[in-house]
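Each of the next two complexes has subunit A plus one more chain, namely subunit B in the first and subunit C in the second.
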Partner chain A sequence: MSAYDKVFKPRRITLPSGKSILEKRSRMPLILLGVLALTALSVRITGFSFGPLLSRGNQFFVILRQMYPPNMKYLSSIWVPLFDTIKMSLLGSAVGSLLAVPFAVIAASNMIKSRLVLTLTRLFLSVVRTLPTLVTALIATYIFGLGTLAGTLSIAIFTFAYIGKQLYEQIETVDMGAFEAMEAMGGTRFSSFWVAVAPQVLPAYLSTCLFCLEGNVRYAAILGYVGAGGLGMILNEKIGWRDYPSVGMILIVLFATVVVIEALSHYIRSKLT
Partner chain B sequence: MNPIIKKQLDAQPKRWFYQLGIALIFVCLMAWSSSTVQLDARAGSGLSIAGNIIRGIFHPDAELLFNFTRSGVAYLLLETVCIAYLGTIVGAVLAIPLSFISASNIVPRPVALIGRTLIMAIRTIPPFVYGLMFIRVTGPGPFAGLLTMSMSSIGMVSKMYIEYIEDLDIRILESLDACGCSTFEKIRCGIIPQLIPDFISTIIYRFDMNLRDATVLGLVGAGGIGAPLIFAMSSYRWSEVGAILTGLIVLILVIEFFSTKVRVKLARG
Partner chain C sequence: MIDFHGVSKVYGNGVKGLDDVSLTIEQGEFVAIIGLSGAGKSTLLRSINRMHSITAGRLTVNGLDVSGLKGKALRKFRRGIGMIFQSFNLVSRTTVIKNVLSAKVPDMPFLRVLFGIYNKKEKIAALEALDKVGILDKAYIRADQLSGGQQQRVALARTLAQEPQIILADEPVAALDPVTAKQVMDDFRRINRDMRISVLINIHHVELALEYADRIIGIRAGKIVYDGPVQAVDEAMLDTIYEGKLPREVEKPA
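Moving on to the complex of A and B:
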């Protein structure tokens, strides 16, 4: 019996058979209290208030209104950065997801028995995943210079950590019967993995990769802000000059690209599963 | 080889043509996209720069890290958590009506399509553009960051909500109807218990992501740990970057540990 149950005594219910059971009191008040306290603290620290939202809320739409009508003439100079963005996210996703495979195998508890190796690999994946994409992109621009290589690299690093985690969880849930049968037949660990485990995780793996690619196109557009190439670079430039009609055009093109890529990946993913 | 096994192997459908096609498409895509990557002439000096950066990051500025005033890492992290927390809540609340008008089992198809397009449009605008818009409303500071965070959460959160709403088990509502329940009772006992665990799980997941994306806010000066981090990086003060990153990574790992526990509990009941 926990301390909470001692303070709020469980309710006693007598069944028609004469037997009595105890119903624990709901933990809801405790959780609610915590949520409210955190909210109050956050409101204090961030200075949240409805006053400015109500009185100055229309200011939010000023920039949006200036984006319309979009500058159609600018369209011709968007294509190159747009394709740079798509290429960055394609290459970054592919490199990251391929690199993640060996790490995911080492991090799966049904493939590797050593606890030390498991913990170290998982910690490595977790720490890489916490690195903000912007920070890796900015560091990459210092090392490799401004341009798409920096963006590709930071997308690859992010994808690597994300896919690595998803893949090792998928490997851990496979049916091990086939793997054991292959080992009993005299297969090596690698060939058994290749024949018995890989086909089981392949559809889920490919689908995660495509899902990641969808998100990466959006991320790639942000990365340009730190000079890592692609759409973000011209977006940053146009915002700096307050050329909002061109910004509107860039956003429309980005929207269309994201819609097309999501539709494609949605179609392929529905075929995979 | 055992003749039975051989027969089974031969019976396997021949799909090499199909697989070869996919491999070819993949290779072409990769070749096309690698055309964008060119190594700079600076690559040689890059190594020494990388060495400096790594040395700085692994020697974090202890003074900044254990400084508990308003400019220390601890306060900045607290501010970031608060922005992410309230931003996620505001975004999650805003996403509820949006996702109900975009769920195809609640409203007619054309309306749902319009709702989905709207959500996708909200998702496409990069966070720093929202940041600029909100700074006009509230002025620079954590409040603008909070609003930006809530706008950029709406997209993913409502996408997940829609999936849960479309998966609602209608039979429960029918049986409540048969028992003679009123509309309010049907919502209270039929819909809310089905949706709440999934919704809360989504919100917690998004909170994790928002904490990670908090650096983006720094780009536009919208509060939190992002701006000091970006400033320190652009002025090459790597030991400060190290201190901030250490704090951020530890915080994210700790919060992720607890949020995974809560989400597992929510999923298994």
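Moving on to the complex of A and C:
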């Protein structure tokens, strides 16, 4: 009997037949109390307060109002950076997701028996995943110069680490029956994986890739802040000039792009399963 | 010919899977292995194609020492032995014919495996295998659309496409209803008689074992307690095999 059960005594339920069983009390109050305490603690540590939000919050709408009406004339200069952004996210997502596959396979415990290989691969994926995209983009601009190549690379790196983790977890949940059958027929580990496991994870893999692409479009839009090309570059510039009508136009275009890509990806993902 | 000579298997936790097993199975026999769950039926079957390895004794298949096989030699050896599972073990998301064609994969060059390209000869062989188990018309349907009995037949066709000399079946009808179970057992009998393939079946249904097999191997706590023709199995023998726990209504068919 645990300590909790000693404080909050289990309830005895008796059946008409006279047999009885003890029903343990719910742990929920204890968990709620813990969550509340942690929330209070984090408010104290971060110094969060509603005061400034209430007194200065209207400033947000001041800028928003200045964006209206958006500068329609500026639209013609948005297309090139917009396509740069889309290009970066598409290419980066594709390269990253393809590169993730072999690493995911050797990070899955049901495919690789060696603890060492598993630990090293997972550690590698975790380390890469902790690199913020903005930082990798900044480093990439030092190596490859300003432009979309740096952005593409940093998006590929992020996608690689994210898909790598998702995919190895998906591989670990597959039904191993078909894999066992392939091995019993004399298949190599690779061919058994390819024939028996890959078809099982393919829909989930593609779905994760598309989900990642959705997020990457938004990421790609801010990478221009560190010189990695795309919408972020002109966004940064126009905010610097306090040209809010143009900023408004950029945001509308970005919004429309994100909505279209999300709708498209949502549609394809619904067809996958 | 499969030859066990003083074979034992001790698991890592000290449990004895097989205990000094000696027996010989000739090419073309139809053998049913019966016994309680955990008695060692699966271990016996799976040690033959090295899905489990043995810890003592000598196990040879057609003169080849199974324990010594590794890597490429082991894979080549397994090509000659088909395996059927209780839960069919198909790739459920793909078509029936792709499942059957997977039997050809171990012999195919890497690039053809990678892109899933099968040649005409392989396709014809797969379709013929499906025809032998009577589900040719289901070839282009997804495997998970089929009933349990049909899925087990797909698994059987996959094994046939492999052209084995031996088929090991681990509880092949345990997940099937009695009528379908009989149909699948009929398939096994036909394959055994027409193609002279040895069939070794682990089975819980004593009545099916007695009806279809030529020879019964009774196993209890890792030891062979009966090995002989099906005609010589009597009530007392079944009591020995099942530790006297078998319900009375299970009678040997006349």
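Throughout what follows, the second predicted complex is superposed on the first by the 255 of 273 C-alpha atoms of A that agree within 3 Å, B and C clash if a C-alpha of one lies under 4 Å from a C-alpha of the other, contacts with A are read in each partner's own complex, and residues count from 1 in each chain.
Simple rule for what comes next: a residue touches a chain if its C-beta (ideal position, glycine included) is under 8 Å from a C-beta of that chain, and two chains touch if they have at least 3 such contacts.
Please read all numbers here as calculations on a predicted model, not as lab measurements.
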item	value
Fit-or-clash call for subunit B and subunit C when the two complexes are aligned on subunit A	clash
Partner chain(s) touched by A:Met88 [first = subunit B, second = subunit C, both, neither]	first
Partner touching more residues of subunit A, whether subunit B or subunit C	B
First (subunit B), second (subunit C), both or neither touched by A:Leu54	neither
Partner chain in contact with A:Ile139 - subunit B first, subunit C second, else both or neither	first
Contacts of A:Met28 with subunit B and subunit C, given as first, second, both or neither	neither
Which superposed partner A:Ser191 touches (first subunit B, second subunit C, both, neither)	second
Partner chain(s) touched by A:Val127 [first = subunit B, second = subunit C, both, neither]	first
Contact residues of subunit A, present in both the subunit B and the subunit C interface	none
Of all residues in subunit B, those that touch subunit A in their complex	26, 29-30, 32-43, 46-47, 49-50, 53, 78-79, 81-83, 85-86, 89, 120-121, 123-129, 132-134, 136-139, 141-143, 145-146, 212-216, 219, 223, 229-230, 233-234, 241, 245, 248-249, 252-253, 256
Residue ranges of subunit A touching subunit C (in the complex, touch as defined)	175, 177-178, 180-188, 191, 194-196, 199-200, 202-203
Subunit C - residues contacting subunit A, complex	49, 51, 74-79, 81-83, 85, 87-94, 102-103, 105-106, 113-114, 155, 158, 162
Interface residues, subunit A side, partner subunit B - complex	38-39, 41-43, 45-49, 52-53, 56-57, 59-60, 62-64, 83-84, 86-88, 90-91, 94, 126-127, 130-132, 134-135, 138-139, 142-145, 147-149, 152, 218, 221-222, 225-226, 229, 232, 235, 239, 247, 251, 254-255, 258-259, 262
